[in-house]
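Two complexes, one shared chain (chain A), two partners (chain B, chain C).
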Partner chain A sequence: MNIRQQLTQFLSLAYVFTSAFIVWKSLSIIANSHSPIVVVLSGSMEPAFQRGDILFLWNRNNLQKVGDIVVYEIEGKNIPIVHRVMREHHNFEKQLLLTKGDNNAVDDISLYSKKQQYLNSKTDLVGTVIGYLPFVGYITILITENVYFKYGLLGILGLSSLISNE
Partner chain B sequence: MFNLVTRFQAATNQALTASVIITGVVIALTILQLFKDDVWNLQTTQVTNFKPTSNWKYSYQYGSINRKPKENTKLQFNLKTDLSHLFNWNTKQIFIYLTAEYPGKSTGSSNKITYWDKIITNPNDAKLDLKNQKSKYSVYDVEKSFRERNATVRLEWNIQPHIGPLIYGSTEELGQFQFVTNEKK
Partner chain C sequence: MLKKTNLNSVKELLITTDDNLGSVFSQFNYEESFKLKDLKLGLGLIQVLIAGLLFLADRKFQFHDIFTITVISCLLYGGINAVLYIINYKFKNVKYVGLNKSDKLVIKTWSTKYDPIYNITIIKNDKETTTTQIPYNKIFDVLGLFNRDEFSKLIKLELGKLGKKNE
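Let's look at the complex of A and B:
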């Protein structure tokens, strides 16, 4: 066993992880959003977005426009929802939004908190969708929702690291 | 040196680089195409014959809280337009929607609502000629009533690509109508 080689390998692995982290955080700062890239998890925006598509977000608009596709989070629920703005009401202080999924028959009022009729564009939004990549995010859905895939992937990674050490 | 793992790594690296470059080229070409087709303009659009109606509703889905009356409005209209030039080889769908904009109570406040929208995925369906089209949504305001304000109508659209940026466009003002208010039952 060569300790120097081991250390170099460890260093290059750390390098991969830190550069990924740096890219993610830089995007976060540029887009002013805590998650600048999201994966679509539901079919409520079909045919525009399918499960597994990747969306790029931008969160520096002062006002959202009707027709914008926004990602929002409801207090107490951790799932980000991607839907289109259907109505907006604003004054100098704040903007209220009502959203709806293209593929849903009715607006989102039943998805909001109890007694909540509108989203507040300052506090509830993660960002506005500006760009789109199809299907690439499906791997994260496989990892989070399919245990066989998850452990299979981990197994292959572990096995390959053992083999490459020879 | 050249075992299975390094070969696999080299292959995936190559594939990744190639797909990033191809994606970049496709997006650049799409943007050029969008400018060439002038997709931010729909010159021939006509929306006419506005017939607003109003109703008082008492349930939560229609904006009412604690069974207090809430005015809901609908809008009937004629629409004639041709969206053919918005489609190109990288267009997945066009989302087209009819909006009405009207002022709020305080200065600087404004509201915009959607009465009707449509998803078009096939360029053959891009010519629209709708007569007495009914409102798709029953719309309420943040206030109790629309107070017979004047609203400005526009047709707006969102072009969704197979891959790349989302594009938005809007016509100039196409017309105005005044909200009608029914006597409360």
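Let's look at the complex of A and C:
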């Protein structure tokens, strides 16, 4: 096999990954969010959202309204949290938000950083939820939480590539 | 060692036959030109490089710190993708470009999914064209071995037709 054929094979494989990555980054640019699609991992927003729901985010709103469902990240903790805005205060410079999970008894102050009482919508928000697909993201939960499922899926993929003719 | 081809796969038969175009046309004193292939490979490699560098930057920096770089990278990647699309559209099915002292040959080949027929179009100097259909059972034996001599004969016939058109 000559170098051109090897490069062609490499590029056809690389194209799968690079195009998926660029589509993801393009979505990030459009939504102005580093993570424009997230999967709900906990039941804290039930009955609005269940574990495994996929959420689509938009981070170009100037102000969030009370009742909006937002995704935020606290500095030092990289897990995005999906909760509802309960209270907001704003001036021309910034907007402060207090959030709470629909299924939680208390607000999120205990989840925020030490001495932090409000979220800063500019720095802490990943985005506002503008749409969702129920349960589609459950596969990612199964892959990350269930070892048997992960290796079973890899096995099926490997077998299908061996069995298929083309 | 001769390589066996899966006779049940039209795609594999097409690939094996295409792989032999270079050696068959070299018998007729044509030298393969890799300009088109190299252009496509080069653009593809640039795309991989752009995506790879963006991936590294994405791991190292925050999203908002490299926002402009991300936009430029995505636009470049998309632009190159558009160029590749146009090239592939314009040179659809072109598998071989051959040159000798006076002539240029462009060979287009294709097969449909369920018809075991090798369609080949030979374009000489961007003017004369001949198209023929070669059933794969003429150029592969029952074991799946490619019969290069038979294929060369059929190609010679087609090249002869082009010569006659010219007279």
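Basically, the second predicted complex is superposed on the first by the 149 of 166 C-alpha atoms of A that agree within 3 Å, B and C clash if a C-alpha of one lies under 4 Å from a C-alpha of the other, contacts with A are read in each partner's own complex, and residues count from 1 in each chain.
Assume contacts are C-beta pairs under 8 Å (C-beta built on N, C-alpha and C of every residue); 3 or more make two chains touch, one makes a residue touch a chain.
In this text the structure is predicted, and so the values were computed from the model without any measurement.
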First (chain B), second (chain C), both or neither touched by A:67: first
Contacts of A:144 with chain B and chain C, given as first, second, both or neither: neither
Chain B versus chain C, judged by how many residues of chain A each one touches: B
Touched partner set for A:102, first chain B, second chain C, both or neither: first
Chain B versus chain C as contact partner of A:163, first or second or both or neither: first
Chain B versus chain C as contact partner of A:4, first or second or both or neither: second
Partner chain(s) touched by A:113 [first = chain B, second = chain C, both, neither]: neither
Common interface positions of chain A, toward chain B and toward chain C: none
Complex contact set, residues of chain C against chain A: 6, 8-9, 11-12, 34, 37-38, 41, 44-45, 47-48, 51-52, 54-55, 58, 62-64, 67, 70-71, 73-74, 77-78, 81
In the complex, chain A residues that touch chain B: 47-48, 65-69, 84, 86-92, 96, 102, 106-107, 109-110, 115, 117-118, 129-134, 160, 163-164
Touching residues on chain B, where the partner in the complex is chain A: 3-6, 23, 60-61, 63, 65, 92-93, 95, 97, 99, 104, 106, 108-114, 119, 121, 137, 139, 141-142, 156-158, 160-166, 168
Residue ranges of chain A in contact with chain C within the complex: 4, 7-8, 11, 14-15, 17-19, 21-22, 25-26, 28-29, 33-34, 165-166
